[in-house]
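Chains: A, B, C and D, in written order; residue numbering restarts at 1 for each.
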Amino acid sequence: MQKMKSKFDAFRQKINVIIYGTNTVYGRLFDLVLLCVILLSVIIVMLETVKSFDAKYHSELIILEWIITIFFTLEYVLRIISLKKPWQYIFSFYGIIDLIATLPMYFSLFFAGTSILTVVRALRLLRLFKILKHPQFSSQSIHLKEALLASRGKILIFIYFMLISSIIIGSVMYVVEGPAGGFTSIPISIYWTIVTLTTVGYGDISPITPLGQSIASAVMIMGYGIIAVPTGIVSAEFANSHRKKLKAEKINPCATCGTDGHEFHAKYCFHCGTEL
Amino acid sequence: MQKMKSKFDAFRQKINVIIYGTNTVYGRLFDLVLLCVILLSVIIVMLETVKSFDAKYHSELIILEWIITIFFTLEYVLRIISLKKPWQYIFSFYGIIDLIATLPMYFSLFFAGTSILTVVRALRLLRLFKILKHPQFSSQSIHLKEALLASRGKILIFIYFMLISSIIIGSVMYVVEGPAGGFTSIPISIYWTIVTLTTVGYGDISPITPLGQSIASAVMIMGYGIIAVPTGIVSAEFANSHRKKLKAEKINPCATCGTDGHEFHAKYCFHCGTEL
Amino acid sequence: MQKMKSKFDAFRQKINVIIYGTNTVYGRLFDLVLLCVILLSVIIVMLETVKSFDAKYHSELIILEWIITIFFTLEYVLRIISLKKPWQYIFSFYGIIDLIATLPMYFSLFFAGTSILTVVRALRLLRLFKILKHPQFSSQSIHLKEALLASRGKILIFIYFMLISSIIIGSVMYVVEGPAGGFTSIPISIYWTIVTLTTVGYGDISPITPLGQSIASAVMIMGYGIIAVPTGIVSAEFANSHRKKLKAEKINPCATCGTDGHEFHAKYCFHCGTEL
Amino acid sequence: MQKMKSKFDAFRQKINVIIYGTNTVYGRLFDLVLLCVILLSVIIVMLETVKSFDAKYHSELIILEWIITIFFTLEYVLRIISLKKPWQYIFSFYGIIDLIATLPMYFSLFFAGTSILTVVRALRLLRLFKILKHPQFSSQSIHLKEALLASRGKILIFIYFMLISSIIIGSVMYVVEGPAGGFTSIPISIYWTIVTLTTVGYGDISPITPLGQSIASAVMIMGYGIIAVPTGIVSAEFANSHRKKLKAEKINPCATCGTDGHEFHAKYCFHCGTEL
């Protein structure tokens, strides 16, 4: 009994290294295979929604989808087995995603599949964000993340300002334009304001009265101008984190006079001439 | 009589703390309730303009609106009562907004309500900008405001340049395209130019002659390129205010005279000449 | 005779001060009147092209336009008289603009007015760019101009790159999409590419084949991404000119040890401690 | 025989200088002629696809195209002859482009020309990118290239993030909107998401349900906001390369060991310790 448990432990260890490790050959191979299967599964979900394609290859898509579902089920079970504290994985963000994305196919055995169930499988895609934690990209993505986090406060205020402005401008446009130009209600007018402020400009709704077009022009110029605000915030933050990095690399103080700010390649203190 | 006045003063004091204070529990609760009621009132205004919704729940919306109007009337009266110099509030920006946003419902008792009266109530939303003065956000929003104020001059020149360019390009497009492509008058052509320059691009009016399309292409590239100008201005201003803040943090004060702001490599105080 | 000439000289002097001066009361008043008349004349040109308005007020517009034309004719003559070397003005950029913008009305006496002649009068608007040379705005507009001039080379290369890319992508889309989606010729496809790359997106032409939509998606992401390039160039240039200005303000070298970079308010050299 | 070979070598030398040189008069003239012929050939390809123009001038276009094809054939042969190691050119990027762009006309003798063959000739345009290596532009374009290369990693992560987000948002919109609003399949929904995220906004597909419009609004604000990310990255990189250049210019070399790059306030060489 003891022996069997130790054997199982060894097996669990092995699987753990393959599934969670990124340093061994098998670990990397597993990551690569997983990546391909995820992409394949998402492509299948997409193709199923293309009527003309689904009509021709319906059965092939279903078979492929079942193979993939079994693969993910197996992976899910192995992930749980290979951990000492499986609950940590099961109730983690990715654990829940994995479960939710795998279940729909089994449901479809019992219920007529709705389109929502089909699409839920596309959530698997979220797992691809994990790649950004891979050592190769992590330094870059951490840099990105830090700059965005640092400018979070200002960007939230900016979005808050934009939303309130959109509601006010939308209300005004509803009064000015009225239903003739497509501004049938305030929510629709707010939708139009956001479409215009962000310079997307679908053209499904557009003002037709001279006054409405004048206000619209002002909104466009405003939208065109205030894009400078988030951009400026993030730019300054990036430049700032750059500078911080440069500064952090330059401390390196002199033992004699205490002057710091020496470059890495400096051999003598630039202030007192002592060897560093 | 004296006693009654002092009692009233105490009452006024209490209300003042609740309405204007942000440090007491009741003050914060009042702010929160106010925020919710404002949002609710704006949502009601929006829903009233959605025909299908209004048809079903017209009486419920009216009742809710009356409850909210009475709440705001009470708040308005209490604000006036709680101040020693009520005129300062009544003629302040927010005082006038509060009054204008509350009156429409009372007017609707005597006159058949027009859509303008309905929408005026959405002005209450302007009060939400007050939140940006809240201590939690104020440092961020002051930073934003300063950078925008510092670049105000350049941005005004930029908008002036864009407006004149729009009129000239609009006039040229009116001659080149004519009514066939929708360019029925110069004001409409100017509207099209702004729609294009700001990269909004509704598509309700678009050039159809080869020459018109060539000019339009040039306008688009121009619009795509000159967005760099406001962005560059604001970015530089943000970076600048960042640098100023960093400088202010490099205190490094002099022990003799207390002047701070010495650079790291400084050996003598630039103010009194003592060795640092 | 001599006396008459000297009298004329004094008159010329007076007019010169009013027309070209910006420091006297009359000079400023003249500038302001001129600004208003230019704006009025441009508004009239605009309104003449609005059919519904022109039908009602045609004669009033013509009368106003003649008053303005006589005003500008007088101004043109006075400008020439008030200068010692009138040719310098007549053949200057603004001199030619003034003449071209004034002539159309006189032509319309002899020929049936065409729309081109009408619109040529809008060229008067170019004179409004002169305002940017006004002392109040000049420091800001010089700053803008310098930063744009400094980034001119890079922006030209960027536009060159964008144009060639547009032609190549346009040619590819012509082959891929064909006339069904509106891509009837390569020039039209290039027009579409520019509309898409600059994120304007009219929607008058849009791809309908899956391959075309995939390429379009790539073009959009490219256009969305490379807007960073001109913005980055101009931002860096603005930040740079900022830094230069800051540096120029800080030279101020020490007489004893030669160290520079002292702030304006520094009283002692931060390096050797001598009084500055 | 020997003499003939040496004569051929001299001829080859001469051609080589003309074709590949950029310093002699003939070399520059050749570059200019080549530039004009390439532009002319591309304009002809364009005009051939404009039905109305091609109908009128079909034979003239064909004749011009044959003249240009013979010119490019001759150029191709001379380029090969003038090199000692012709294979280096033949299998280089531009060598293959030159060949592919010249062949279609010869094919059209034997086969009925398809539109693909016509357009392949537009590939000649790629040769225009060579101009950016010209000394006059190279310093600027190298600067651009370096800043873009330095931000490559972050921009790839950004595009990766955008693509996955597009797929997820597209799937959600497919479920929410359905075929009524034009969201007929997930790939089409993804196409719509990219059109919206990049603020292009054709309007060929646009949401019609309130929920869909709400999600669309969120996507627009997201797209409007995250454009700050690539812009911020590139801006910071440009500012950084600016700073590097400024540093490189602050030579201030050491008299003893010749090391440069000392800061202005340095008193001793950081490399050999001698007083500066």
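Definition applied: a residue touches a chain if its C-beta (ideal position, glycine included) is under 8 Å from a C-beta of that chain, and two chains touch if they have at least 3 such contacts.
Just so it is clear, the model here is predicted, and its values are computed rather than measured.
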*Looking at A-B, B-D or A-C, which pair matches A-D on over half of its contact pairs by residue number?*
A-B
_Using CA atoms for the superposition, what rotation angle relates chain C to chain D, in steps of 5 degrees?_
90
*Chain centre separation in whole Å, for chain D relative to chain C (CA means)*: 30
*asked:* Report the inter-centroid distance (CA atoms only) between chain A and chain C in whole Å.
replied: 42
*If you average the CA atoms of chain B and of chain C, how many Å lie between those two points?*
29
*Whole-Å gap separating chain B and chain D, where each centre is the average of the chain's CA atoms*: 42
*Indicate the residues of chain D shared as contacts by at least two other chains.*
158, 187, 190, 199-203, 223, 227, 231, 233, 235, 239, 265
*Graph of touching chains, which shape: line, ring, star, complete, other?*
complete
*Under the touch definition given earlier, write down the residues of chain D that touch chain A in their complex.*
153-154, 157-158, 160-161, 164, 167-168, 171-172, 174-175, 178, 184-187, 190, 196, 199-203, 206, 210, 213, 216-217, 220-221, 223-225, 227-229, 231-233, 235-236, 239-240, 262-263, 265-275
_Complex interface listing, chain A residues touching chain D_ = 42, 45-46, 49-51, 115-116, 119, 122-123, 125-126, 128-129, 131-132, 137, 140-141, 143-144, 147-148, 155, 158-159, 162, 187-188, 190-191, 194-195, 197-204, 223, 227, 230-231, 233-235, 237-239, 242, 262-263, 265-275
*asked:* Give the list of chain D residues in touch with chain B in this complex.
replied: 199-203, 231, 235, 239, 265
